[in-house]
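The next block holds one structure in the form of structure tokens; read it before the comments.
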Amino acid sequence: MAKEKIAVAYSGGLDTSVMVRWLIEHYDADVIAVTGNIGENKELASVKEKALATGAKKAFVIDAQKEFIADYCYPALKANALYENAYPMATALGRPLLAKILVETAIQEGCTAVAHGCTGKGNDQVRFEVVANTLAPQLKVIAPLRDPRWGFKSREEEIAYAQKHGIPVIVTKKSPYSIDANLWGVSIECGALEDPMTPPPSDAYQITGDPQSAPDTPETITIEFDKGAPVAVNGTHLDPVALVAALNTVGGRHGVGRIDLVENRLVGIKSREIYEAPGAMILHFAHRELERLTLDKPTARFKDSVAREYADLVYNGLWFSPLRNAFDAFIDETQKSVSGIVKVQLFKGSIALNGRSSPFSLYNENLATYTTSDTFNHSAAEGFIHIWGLPAKTAWNAQLKANGKK
Amino acid sequence: MAKEKIAVAYSGGLDTSVMVRWLIEHYDADVIAVTGNIGENKELASVKEKALATGAKKAFVIDAQKEFIADYCYPALKANALYENAYPMATALGRPLLAKILVETAIQEGCTAVAHGCTGKGNDQVRFEVVANTLAPQLKVIAPLRDPRWGFKSREEEIAYAQKHGIPVIVTKKSPYSIDANLWGVSIECGALEDPMTPPPSDAYQITGDPQSAPDTPETITIEFDKGAPVAVNGTHLDPVALVAALNTVGGRHGVGRIDLVENRLVGIKSREIYEAPGAMILHFAHRELERLTLDKPTARFKDSVAREYADLVYNGLWFSPLRNAFDAFIDETQKSVSGIVKVQLFKGSIALNGRSSPFSLYNENLATYTTSDTFNHSAAEGFIHIWGLPAKTAWNAQLKANGKK
Amino acid sequence: MAKEKIAVAYSGGLDTSVMVRWLIEHYDADVIAVTGNIGENKELASVKEKALATGAKKAFVIDAQKEFIADYCYPALKANALYENAYPMATALGRPLLAKILVETAIQEGCTAVAHGCTGKGNDQVRFEVVANTLAPQLKVIAPLRDPRWGFKSREEEIAYAQKHGIPVIVTKKSPYSIDANLWGVSIECGALEDPMTPPPSDAYQITGDPQSAPDTPETITIEFDKGAPVAVNGTHLDPVALVAALNTVGGRHGVGRIDLVENRLVGIKSREIYEAPGAMILHFAHRELERLTLDKPTARFKDSVAREYADLVYNGLWFSPLRNAFDAFIDETQKSVSGIVKVQLFKGSIALNGRSSPFSLYNENLATYTTSDTFNHSAAEGFIHIWGLPAKTAWNAQLKANGKK
Amino acid sequence: MAKEKIAVAYSGGLDTSVMVRWLIEHYDADVIAVTGNIGENKELASVKEKALATGAKKAFVIDAQKEFIADYCYPALKANALYENAYPMATALGRPLLAKILVETAIQEGCTAVAHGCTGKGNDQVRFEVVANTLAPQLKVIAPLRDPRWGFKSREEEIAYAQKHGIPVIVTKKSPYSIDANLWGVSIECGALEDPMTPPPSDAYQITGDPQSAPDTPETITIEFDKGAPVAVNGTHLDPVALVAALNTVGGRHGVGRIDLVENRLVGIKSREIYEAPGAMILHFAHRELERLTLDKPTARFKDSVAREYADLVYNGLWFSPLRNAFDAFIDETQKSVSGIVKVQLFKGSIALNGRSSPFSLYNENLATYTTSDTFNHSAAEGFIHIWGLPAKTAWNAQLKANGKK
């Protein structure tokens, strides 16, 4: 009888390397290692060799950087989707794509199960399993770290296990930080960060410099958008991957994009997270300013409530859901006129606005001006004010009466 | 027969000085000048004398600084009310109070009308008149600047009129800026600011320094909140007026609180505004971070939609309306546990977070930790994920079927 | 020099007949009468002759019934858009289409102005003029009934004017009601209806019978929807015009679709309106029930907030606005699986549900059942409840502490 | 060593009777039976005797009808809280009160655990356990029906177990329906109801008559509200319990208050439920109509979004949560002027409106009228329309440009 085949989400790091071996041992299965590349994986060069050396029967490395930025990050950008008005969701946006890559490979390779290395108290297990169940309900999902048999209590125990089984793990200088990185940003957790009253140690940050050490001269960059998506920096057209990488570099140099957040996790607790996302934060800032110029008031207001729901949806693992599709339809319609340029100034950790313009700007200098070129109909105000204030006047005085004050 | 009596909202500046005289002339009325002091009025010292010298029969100067901060600004702060997620609404919050002071004085003095110096295309005319009509429907409202007879086309014409009528106007160095200032912030408009692609000239700013010239060393301050309202800075309890003034000073020194905004005016147009509000922006930042620690997720989410509506309500002149009262009831209930301290770091134009703590914190280190002191029930996740993902799985696959993909 | 040409929204009734003549007289202009047919206009047969006899140079009658139902009413139906959860907006949906027909004809005929017969306190003037200004900013808009020269104080004065000028008005039995009717419904206003404590007189209703006199036997009809739009009744496919007409007949017979509403008008006042819309209300009822079966929970919830905004937008005259386009994109995406049938029972004024089914139903009998065919994972509940309740438990107890109760 | 003591939510029916015995057997514990009376429990008369005969050491019957209606149902009524715009939530509102009674009694009697008889796929287990965990985190919660040892597969097996253990169960005519009833309404489930295409059998309904058999003459009743809460019917002041009971009787007679609903359960599935709630539905209808008269437009709109969230919160078991408190503060503020009377007509299954009036009505006949007593400022409309339509005009034409159509 054929062995069971399990496709494993494999990063090349200690956890997933140990997991590959552990699955072979505990499930008597053939393991297929699947690595989705969405940027910033330091182990990528040798990941395939490592997987095979660890015991995987096959190993796939799939470049999904462009799909990640264009089809996951840019839609969230167009939505202005920041979780709890703060977090650009690098990890949350990456997870559904990595899960999709995994289940697609699993199906192609005839696997009956997929496995991931998420713990039992984080958001990623939810994102991973919801996507897997949605896209491939026929596949079993295995979460070894939630298995009572897992048993590793520390990094040291995992290293010992790796050495015992000849797993090729490069044990570098022990970092106290648990890091998840992709092109859209970096998430950092660790013991020292668990007290919300303690600022993050400076060595926690991976891709941004300390604002105090940043250049003493501001740097102004111009970002061009077409229908809500960024297409050029300083006049040079760049594909999505190159564009975000370029902004990560310049933003990181000026110390922008650091986020220190107490957030509501999906699994019912508050957690404290440190994020770095210089490129994503510059783009969110610029996109929002361009919308101020090009979206009319009722559209902007309603889109704001879409932004919030969109962020919750993504954060909560519901990327593949009908509501996200419907939101994207709404958003794409609103973005038809969100084209133009935004000049932003980076300086010592801050992003400031230096100008914005659009061929579809709704700002009309002749209506807005206080100079003699004014074309606004001043006499209209009187009638407007009368009707505008009528309901409040009526209601306020009825309230006074109800409260016995009149 | 007794002359008509008009109460005029009087600032001591050129516009309202000319207006006092103009009203006497065109309405054959007795004018009573009413100046509400809500902070930062540079003309305040001599305003009473000026009013009388200009022709007013009586002049009242009413100190409302404490009422302004405690009863208008702090409720908006507790609401997180930033107009279009950006503007702390110094002018918008001041207007209803100034209008209230004016109509109360008008009633007390037996006036039959009130007059204001707002133009016909701004928000302030709406705020002023809606409040006057709401609180005192029996009073007529006069808006000379919307009167076809007003006729002044420039500052020079107003100065000539003033000199002709012996109005004591100190004609200082001609500033190109039109400025409205109070303790909660400053609004700046002018011709040069009307092109959204042009950054504000550095001399436009009144109370904040240029971030590039700000101190090279960050300054960390600790703000204490009690039930959502700030009560102390760096451990020193301060009354609302002193507290905001202190933060304006320290914030202004570090160049924080500058806002460059294309916003949707109530009267149907987009305008470009420059604001400075170092104290208000520091407080908004700190308050929001404290709420991340102390508000549960559903409350935080819903309160976010209240914030947006509250800001629109205030901006749109509807301070005295039943919905604002109901919002305040909602907000005050949520603020019962928003007590604690927030440490913020000011540096070269940016506000950053250095720590937050509360006796009513909902962050539980033992639930959040990845160390061995973890008390989170990991095995609960599996059941949670199953039920959480069930609707998306069902709906996604029904959609595929509806789209003919399954 | 050529005379000015004015295109007039002409219904054939007394008001607009008098208006045609009045415009010729007061503007020394050529008048072109434009009648859009969106159903239920009793004067339609002779409207062209009348217009010419009244003095119009040209008269156009344009059949827009299908466009009205398919492109205006059905989108609102798919949106579940009922103004203030009650009014299906027959008049509000018709106005933008009638205004569009008018300005299109005006442009084609080289007119420089359009005119309408709306009064100065209703919603229709707003809808009409906003659409005209949006679609053809170059055209002047004339509203004779707001003109101080209009001067008619009663129906009798208008009749006298008509007779004096030889305007062919059929003066039927004087109805005390002011009625606006189209295929989607009827709006009724009159003096007797102005007291909200008085029920409408029975002769006020135009197309629905009294529920007490309705048939003693219920009638069950089956409505089929395809992607949110109704396509068949009782198994017979019908085009939009025939379908709505058929439901108006059957619904009217059973006395369903009467609405007695105190509503918030756009111009700042509450008004009391009587509506009849048997077909529209049956369709809204059935569509909503089908959505309960086919939309997932988060989509249904968010779409509910779209419904409210959509209704306000339409009611407020903003049909031609970017937000409506974006809403339609959202809604159409959600409707892809809203196909199926709904059985409704009409009886003595009420609409009840007799069954619903869809090939894309999200209801899964095997998950829902309490019988032995149950496939729901009961053990998942424990973990779900634990995590679900964790935040409320934490927050509630922090509140008790904050309130000094713990 | 003392035996463990378990407080059991006891109804006197078969399920909870069997459960009492089962707990004694499987936990070797003393059981205390707790019955909260919130109306309509047919077993109530003998419930105490039964509990003791079944083996409970103590039995408490606590009358909470008034608390239920006044403190749970009326707040939801003032909120207009209907789950999914349809279900008045009799069961959902009763559960937190019953759970509170249970844990209070448990604490008073020194119990270490509470137990309930809810199944593993319904909402009630969630409501029950979340409340217990919130109010008394120290108590263990036992859910025997989720216990793998429970094992009863049918009603017959439970009856056999009861007879074997001498449990006094009156085995009445086997009803195929599972029913939960209290004063605010009845919930009905059963196999035959599980197909959404099948109408409920007529014997499923417990407290409402068939509309076809209802009286041929309509009955008009007048309901008086004070600050949003109903206080009198037909001029007679009634306490909450008597008032709801009276409306259940009259409403049931006319066949109103039947609801046939496919709803989204909290545990991730859609279910089909039948409800009866004549009193609750009459009150919701009347309250909403009174609000149309007394709430201003922005308050009504925002309160609508509160209604939806409030209903979800209650349905989802989060009664004891900070957001509900904050909602109640908001709602109570809005209800200060929701006083007055509403006349409703009941006839053959439908509720219709016959009139409404309030001393704090915002409807002003002189503003609304089209007669000569009109006091509305018609000339204000022109200015209002100009400003109202300006943004849409600007935005629509920018969109045309962006879409290449201009």
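Every chain is named by a letter (A, B, C and D) in the order it is written, and numbering of its residues begins at 1.
What we mean here is this: contacts are C-beta pairs under 8 Å (C-beta built on N, C-alpha and C of every residue); 3 or more make two chains touch, one makes a residue touch a chain.
Given the structure is predicted, the values throughout are model-derived calculations rather than measurements.
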Determine the set of chains touching chain C that also touch chain D. A, B
Equivalent interface to B-D, taken from A-D, A-C or C-D so that over half of the residue contact pairs match: A-C
For chain B versus chain C, what separation do you get between their C-alpha means, in angstrom? 40
Inter-chain centre distance, chain A versus chain B - centres from mean C-alpha coordinates, in Å: 32
For chain A, what residues touch not just one other chain but two or more? 264, 267, 269, 295-299, 305, 318, 321-322, 325, 337, 361-362, 364, 367, 379, 381-382, 384, 387-392, 394-395, 399
If we count contacts the way the header does, which residues on chain D are in touch with chain C in the complex? 84-85, 119-121, 125-126, 129-130, 133-135, 137, 143, 146, 153, 178, 189, 191, 194-199, 211-212, 218, 258, 260-264, 266-267, 269-272, 289, 292-293, 296-297, 300-301, 304-305, 308, 312, 316-318, 320-322, 325, 343, 347-350, 352-357, 361-365, 367-372, 374, 376, 378-379, 381-382, 384-385, 388-389, 392-393, 395-397, 399
Contacting residues of chain D [partner chain B, same complex]: 264, 267-269, 295-296, 298-299, 302-303, 305, 309, 313, 318, 321-323, 325-334, 337, 386-391
Under the stated contact criterion, what part of chain D meets chain A in this complex? 294-299, 336-337, 339, 359-362, 364, 367, 377, 379-384, 386-388, 390-392, 394-395, 398-399, 401-403
